[in-house]
Structure formats: C-alpha cells, structure tokens
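Look at the two complexes coming up: subunit A is in both, with subunit B in one and subunit C in the other.
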Partner chain A sequence: MLFLQTLVNGLALGGLYALAAVGFSLVFGVLGIVNLTHGIFLVAGSYGALLLWEHLGIDPILSIPPVAIVLFGVGYVYQRTIIHWAVSRASLVASLVVTFGVAMIIRNLLQLWFGPDIRTITPSYSFSSVTFFDLRIDLVRLIALGMSLVVLLLLTALLRHTHFGRSIRATAQQPLAASLCGLDVERLYAKTFGLGAALAGASGAIIGIVQPFSPATEAGWTLNAFIVVVLGGIGSPAGALLGGVLLGLINTLTAQYIAPSMTNAAMFLVLVAMLLFRPHGLLGNAMGESR
Partner chain B sequence: MSDMSNLETDGVYIATDGLSYDYNGVTAVSKVGITVAKGQIVALIGANGAGKSTTVKMIAGALKPRTGRVLFGGRDITGMPAHKVVQQGIALVPESRLVFRHLTVLENLQIAGHLPRSRDRMKDSYDHVFQLFPRLYERRAQHAGSLSGGEQQMLAIARGLMTLPDVLILDEPSLGLSPLFVGEIFKMIRKLNQEGMTILLVEQNVHHTLAIADRAYVLEKGRVVRSDTGRAMLADDAVKKAYLGMD
Partner chain C sequence: MTATPRKLFLAFIVVLLAIGAVLPGYVSPYHTRVVMGFFMFAGLASAWNILGGFSGYWSFGHAAFFGMGAFGAAKISTALGAAAGSPAAMILPVAGATLIVAVFAALIAYPILRLRGIFFAIAMLGVSQVVTELVNNVSWIGGGVGVFMPSPVPAGTRPEVFYYYIFGALLLLIILVTYAIRRSKIGYGLLAIREDEDTAKMLGVPTEHYKIASFVLSGVLVGILGAVYGYSLGYMSTGSVLRLDIGLNMIVFCIIGGIGTIWGPVLGTAIMLFITQVLLSGFLDIHLMITGGIVVLMILLMPSGVLGFFNAKRWIRFRERAR
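Up next, the complex of A and B:
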C-alpha cells in the first residue's frame, strides 16, 4: 500500500513537473535557446496568482488565464528585444548568459517587492483530501494534476491541428523554408517564446496552491525543466509528460525508500545516464533535427 | 544600370540590376543583372559555387543584397523579407528541397497554402498539385522525411505552387535525382510553363535546361558572362565545351 501511495504521489507530482517544463521544452525545441529565465516566469505566475487571490479573492485556478496572458506578453517582448539582440549579435550561447543574468536580476527584484519569505496560496479546499480505498491524495494535488493534463492536451491540440501550431513546428525544423512559405519567422519565435512563458505562468499559478514558493525557488524549477527535457525529449507535450512523470517518480521513490536527502543525487544519476545513453531524451526531438 | 530603361517595360516580371552579395567580406555575386519576362522559362546556369543560389535567394528576399535592385512587375522589392516577397508572387523552391520532414505531406502543403494571396483558393491548389504529382496524393498522410529524394523534390515544388506564385524559381530541382526522376521533373517544368507559369530555373543539368529555356544566363565566379536564347546557347561550342562535356 505504501508503494502504491508513493506511486500516486509521484504521478501527481510528475504531472506538475510536466506542465512546469513544457514551455521550456518548446522554446528549446523551436528556438534552440536554453531559457534560464524559465523558472522566473513560473514563480512570477505564482506571485500573480497570489496577488489576485489576496486582493481580489480570485481562485488560483481561475487566475490561470489572466496570468498566462500577461506572461505571454512579457515573453513576447523579452524575445523580440533582449533575446533577439543577444542571439543576432553574438550567438545562441550568448542567450544562456543573458537569460541567466536576467533571471538573477528579476529574482532580486521579486525579493525586494515580495520579500524573501516563503509563501503559499490557500483557497478553502486547501486542506481537503480525497480517499479511495486506502489511497489518500490531497485535493489540491488532484486538481493540479487535472489542470496540468488539461493544459498539456490543449497544447497538443494547438500544435497539431492549428495553423499556428503547424507554423511553429515548420519553423523549428526549417526556418528558411518556413519564411519562403510566407511565415514571419521572427514573429513566430517571439510568439513561441510568449507561449513558453504563458505555460510557465500557468504552471506557476497551479503550483502556488500545491507547494510553497519564494523568489529563490525559481532556480530549482529551471533545473527541473532541464531534467524533464533530458528525460522525456525536446519540444513536445508528450515528452514533457513522460519526463515529468519519471522525475516525479524518481523523487518520491527515492525519498520514500532511500532517503529524502538523496533525491537530488538520484536525479543527477539518471540525468547522467540519459545523457550518456539517450542524449535526445526518450522521445527524441519532436521539433526536428535542424538544431 | 545600362539597361534599366527597359526593365519597367510590360511583360518583364523580374529584373535585377547590379545585384551583389558578400559572405563575410568574400564576394559571391557581383553586379548581376537578369530579366525574366512573363510566360518565359529563364535559365541560370554555371558551375558549382558560381553564385546561382545566392542570386535567387536575393530575389526571393532570403538574403539582403549588398548593392543593386530587384524589381518585380516594375516595383522595387529590394530588401523585402522573404515572407513578404512570396506574398507578392515570387516562390523560391530552395536548393536541397528543405521540406518540413516531421510534418506530413499535407501539412507541408497546408502551410504554404495559408498565405493571404492563396488561402481562398486552397482547395483548387490541392487539386492542381495532386494532379501534377499523383504520388504525393498517395503519400499525403506520411511524414515528408519518409519520402524518397525525388518525392521530396516534388513536394518542395508542390509547396511552392500552393502559394499561387506568378513566378516560380526552382533551385537545382534535378540535383541528386535518378535519371528517371530528372526526366519527370523537366517534363513537369515544361507542363507548368505551358499552363502559363513563369519560371526561373537554376540548373547544372545544362543540356536538359537549355532545351526548354527561352533565355539563359551563364554565371561564372559571381558574374554574368553570357546571356542568350536557350537554343543559341545549345548550339554554341564554347558553352558545350564548358558545361556539356562535349567537343
């Protein structure tokens, strides 16, 4: 029973990890940029949800759309300005330095505005839990898992069945041919980056009801996203889901059966093994081989 | 600059004047002037590295010329980005095809057909390209990456046609194809032209090309060294020697 309970906890956590990583994965797959500001977008989403909850009483789940829209705009402008300048004047590698620097600056600004304290969002259902048979799961975790799956499904449909989604995939694979087909590649890059930020913000709003957060937690989320991509594969919701669930399971199983302090070690062990044996993740690069 | 006076004349679709391009300071194309008249097949031939692809990329907006102008239907489109040039009616089918490998055949076509100028006639465009290339219809649900080289070339051309261009630029469509496919591609080019399509054809398959070209330009080290009718060039001993390996 303990094993099943651990599995359930791992799965729930994994769904959250998947959503938290999918925007990072998309940006990596399409633009080739390792966005170290990703965790900032996520934590900003948590603070956005917190503000809406504290000042307007809006439930964090309902705050997902406004938070996502604002972060879409932020991501769009960020790519068109800072990221674009860095990549066009220097190289893709420069974006690593730039996004890292921006992350540090914004983390410090968040600490100034909100203080370094750990915060949580606690709507009325925060302390309820659901039981079937002997398995118990917190209601917030169940909601978070459900919302994550819904958002990932919506994203899958967007990528597969809309012109925007096809354009993103085409641009990722073959930017020159995409522009010759009439796609404004620069605009699509910015929109993809915006989408990545929006997804991070959405996951941040959801994470706010499940886990405590502070400005300093951003780095951990960026790292998690990186690991999820290495595990599952680049550029697809399915890869993110697989990587997220694996990471969730590794974390909970290690904490339960080895030691809570060993989760990071276990994570890195798997990471190194993956990089050695399947460097493109279990599902490979969904966006193609142009990078 | 010499013959800019007659560039704006009726029937001239594409005219370039003094086009030059450098890659990192090394000249690849120098003062190239070519004209393509409506309804023609115009060929751009020359050895590997002569600057053919660079020239057509400048025309299609994929590269910004260092100097010179590109006129299309009398309008100056120099420096216009590629996604806007295709909307004006020039489609470049790029060298080595560059199909979207992880997208299906249908998705490849769908993307190109979504342009404002072609969107409303997408269904007719599908009919047209599938009639030209029945094989693509059979493989419409497959990923483009799973097609053979010849089929990918067909897809690349079909994708260009989905934008409903006024001028179709083909950059080495026969490269790397089996002789059977080469014949098919040239037959298709001719057929398209007979349907009224204006074509700028970049090729190294000189014999086939000159046989169907109304006009041809020979590029050497980034410069136009000759231009004449296809037939005249085919009869020319110097061209034969240089490009056809005949004596």
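Up next, the complex of A and C:
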C-alpha cells in the first residue's frame, strides 16, 4: 500500500514536472537555446498568481490566462532583443551565459519586490484531500495534475492542428527550408519563445498552490526541466509528460525508500547515466548532438 | 610581439610581484583579506580556464573539486591528529586531498568527457550536486554538522597575512602551469579540440588523452585551493565550500577577462572583485543584479572578454598600418 501511495504521489508530481518543463523543451527544440531564464519565468508566474489572489481574490487556476499572456509578451520581447543579439553577436553557448545573467537580474528584482521569504498561495480548498480505497491524494495536487494534462493537451492540439503549430514544427526540423517556404523564421522564433515563457508562467501559477516558492527556487526548476527533456526527448508535449512522470517517480521513490535528502542526487545520477548510455532519450528522438 | 613590449610586460609583472610581496605590511587586515580573496578566485578561474578555456569544455561543476579538496584535507588532518600552530602540518593533508581529487577526477573523466557542449556543462553540474548532497548527508564526512580544522598559522603571524602569501604562491604556480601548458604540445592539442574536435582527432591529435589530462589537472589545482581555503576558514560545513556561486564565479571571471587566454581569468577576477567588493560593497542586496547585468553586457558588447576585445582592436590597427 505504501508503495502504491508513493507511486500515486510520484505521478501527481510528475504531471507538474511535465508542465514545468514543456516550455523549456519547446524553446530548446526549436531555437536550440538552453533557456536558463525558464525557472525564473516560472517563479514569476507563481508571484503573478499570488498578487492576483491577494489583491483581487482571483483563484490561482483562473489567473493562468492573464499570467500566461503577460509572460508571452515578456518572452517575445526578450527573444527579439537580448537573446537575438547574443546569438547573432556571440554564439549559441553564449546565450546560455546571457540567460543565466538575466535570471540573476530577475531573481534579484523579485527578491527586492517580494522579499526572499518562502511564500504559498492557499485557496479555500488547500487542505482537503480525496481518498480512493486507501490511497489519499491532496485536492490541490489532483487539480494541479488535471490542469497540467489540460494545458499539455491544448499544446499538443496547437502544435498538431494549427498553422502556427505546423510552422513551429517545420522550423524545428529545418529553419532554412522553413524560411524558403515563406515562413518568417525570426518572428516565429520570438513567438515560440513567448509561448515557452507563457507555459512557464502557467505552470508557475499552478505550482503556486501545490508547493511553496521563493525567488531562490528558480534554479531547481530550470534543472528539473533540463532533466525532463533529457529523459523524455526534446520539443514534444508527450516527451515532456514521459520525462516528467519518470522524474516524479524517481523523486518520490528515492524520498520514500532511500532518504528524502538524496532526491536531487538521485535525479542527477539518472541524468548523467541517461546522457552516457542513452543520449537519444528514451523515445529515441533527441540529444543526437550531445557528443 | 616585438622585444620591447615584451620587456615592458615582464617589468610590469616584476613590479606587481614586488608590490604583492610587501603589500600586507602597508594595508589594513580587511584589504589584505580582499587581496587574498582575489588571489584565490584568480587561481580558481585560471585553473578552470585550463579545461574550459583551452579545450572548450565548460564545466559548471568545478565546485565539486573545491569542496572535495577542503573536506579531504579536513578528514586527513583529523585522522592524523595534527598539532595546531605549525605550517608543516598542512603538507600531508593537502597532499592527500590532492590525491583524492586526482583519483576522483580521473575516474569520472572518461565517461563524462564523452559528452559535449551544453551536455557536458550540465552533467558536471550534476556531479557537483551529487557530491554536495553526499558530503552533506553522509555523517562520516561531516559536512552537515561541520568540521573543525586545526589552525596551521605559526604563533605571532596574523592569519590573513599567512594565507595571503600561501594563496599568492598558489596563484603564481597556477599561472606558471597555465603558461607552460599553453606553450606545450598539449596546449595546441587542446586548442585544436576547442576549434573542431572531430577534425583534430582525424589529424592524429590524441584528443581523449589530452582532454582527460587537462580535466584532471584543472580539477586538482582547484582541489588544492579548496584544501587551503578549508584551513583558512577554520570551521566549515557543506555550505561554506560546496557553493554553487564558487563554481559559477570561475566561469564568469573567465568570460569577463577573456576565455582561453593566460591573463584573462586574472584580469576578469580583478575587475569583478573590484566592482563588487570595493566600489559596491555597500549595496549587498543588489549584488546579484549587478553581477548578472555585467555578465549580460559583457556577452553582448565584448563576447571574447576584455583581453579579447583589446587584442582584436590591436589586430585591426596592425592590419591598417600594414596596408
């Protein structure tokens, strides 16, 4: 029973990880950029939901659309200016350092504005839970898992069935061919980056009701996103879901059966092992350039 | 380079050395500490540069070697029960810690160096994360509660002056090592790996051996600095040596000075420490923002660092004159 409960917790956590990583995965797959600002966008989303909740009493779930729209704009402008300049003047690897620098700046701004304390969002349903047979799961976790799946499904539909989604996938495969076919690749890059930031913000709003957050938690979320992408593969919601669920299971199983303080070590051991032995991801569609 | 600038440069170095040798007698203990910190971080950045700068393998996890050096020395000195007050008691623990770091680096070198670019960077971050959690949670190592190091400072010497000279000597040693490597066959091999690893391999450069050698050397130098730093703290826990910012500062200082040059890491450390510790020491709550801002501006305006920027300018002037 304990094992089943651990699995259920792992699955619920995995849904969150998947949503938190999918924007990172999209940007990595389409632009080839490891966006170290991803985690701070996510935390900014949590703070956005917190502001709306404290001042206007808007439920965090309802605050997803406004938070996502604002972050889409931020991501769009950010890519058109700083990221674009860094890639064109220096290199793709330089963008790693630039995004790291920007993450430091935003983190500092959030600390000045909200203080370095750990915050939580506690709507009325925070402390209730649901019981199936003997398995118990917090209502907020269930809602978060459900919302994650909804957002991932919406994203899948967007990528599959709309013109915008098709052009994103085309650009990911072959930027040159895509631009020869008449797509404005530069604008598309900015829109994809905006979409990635919006997804980070949406997951931040959801994560805000499940887990405590502070500006300093951003690094952990960025690293988690990277691990999810390595496990599941680049650029697809399905891959993010697979990677996220695996990461969630690794996390809860380690905490339950080895030691709660060893979860990060276990996650990174899996990451290093994956990169070494199965660099193309479990689905075999990514990471070809890792060596 | 003609003979005259070279002689000027050497004279400049000699003057700097002379000033460095007598400085602690003339400045306050606080400023002695600031310069000591500069020696240590310049040493760390230069050691990182041997791998990251020359071969292009950017490690985000060198803090692991730093922490291992510190805790290795602590473990050995506790086991030996060394007496306080004698500098000679440092020798065995530091040497032992160096050996531990060397063996560890050699063990992980082959598998981890098969990864490239961003993947190597993140995998090294993973290594440092694992080392940090192990040091923190394995009670035998004692990172969680912290460990004491017996002070090796001889009676009558001020501790900051003692460590000032040790870190100064270590920085000198690391710069000499960097210089020797840069001028050696292995140095040219590493540069070839940075420019195009597959081509270098095809042309007969033993890439695997060179990469492993520079990885281990770079890690060992960082480990030695870590061991001495542990002594200078006297008491340390995991958080005092296995800090993410130590690993990141090495990279940032190199980027600012000029990655892959001999003096770039030293110059970058001097610039950054001067800005953050001297000019802006009163604005602690916006340090992160300033550091981040400088990093972003540097990448956008001078992607090859201060030295690379001026070298490029000199090169353009030289070409114009030649026309």
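Points worth noting:
Methods note: the second predicted complex is superposed on the first by the 283 of 291 C-alpha atoms of A that agree within 3 Å, B and C clash if a C-alpha of one lies under 4 Å from a C-alpha of the other, contacts with A are read in each partner's own complex, and residues count from 1 in each chain.
Here is the rule we use: a residue touches a chain if its C-beta (ideal position, glycine included) is under 8 Å from a C-beta of that chain, and two chains touch if they have at least 3 such contacts.
Keep in mind that this is a model prediction, so the values were computed, not measured.
With both structures placed on the common chain, the touch criterion links A:Ile82 to subunit C but leaves subunit B unconnected.
Once the two complexes are overlaid on the shared chain, A:Leu2 sits clear of subunit B and of subunit C alike. With both structures placed on the common chain, the touch criterion links A:Cys181 to subunit B but leaves subunit C unconnected. In the superposition on chain A, no contact is made by A:Leu56 with either subunit B or subunit C. For the contact definition in use here, the residues of subunit A common to its subunit B contact set and its subunit C contact set are 287, 289. Looking at the complex, you find that subunit A touches subunit B at residues 163, 166-167, 169-170, 173-174, 176-185, 286-289.
Contact residues of subunit C toward subunit A in the complex are 58, 111-112, 114-119, 121-123, 125-127, 129-130, 133-134, 136-137, 244, 248, 251-252, 255, 285-289, 291-296, 299-300, 303.
The residues of subunit B lying in touch with subunit A in their complex are 60-62, 81-83, 86-87, 91-92, 94, 98-103, 107-108, 110-112, 114-115, 159-160, 163.
Partner subunit C is touched in their complex by these residues of subunit A: 34, 82, 85-86, 89-91, 93-94, 96-98, 100-105, 107-109, 111-112, 219, 223, 226, 259, 261-262, 264-265, 268-269, 271-272, 275-276, 279, 287, 289-291.
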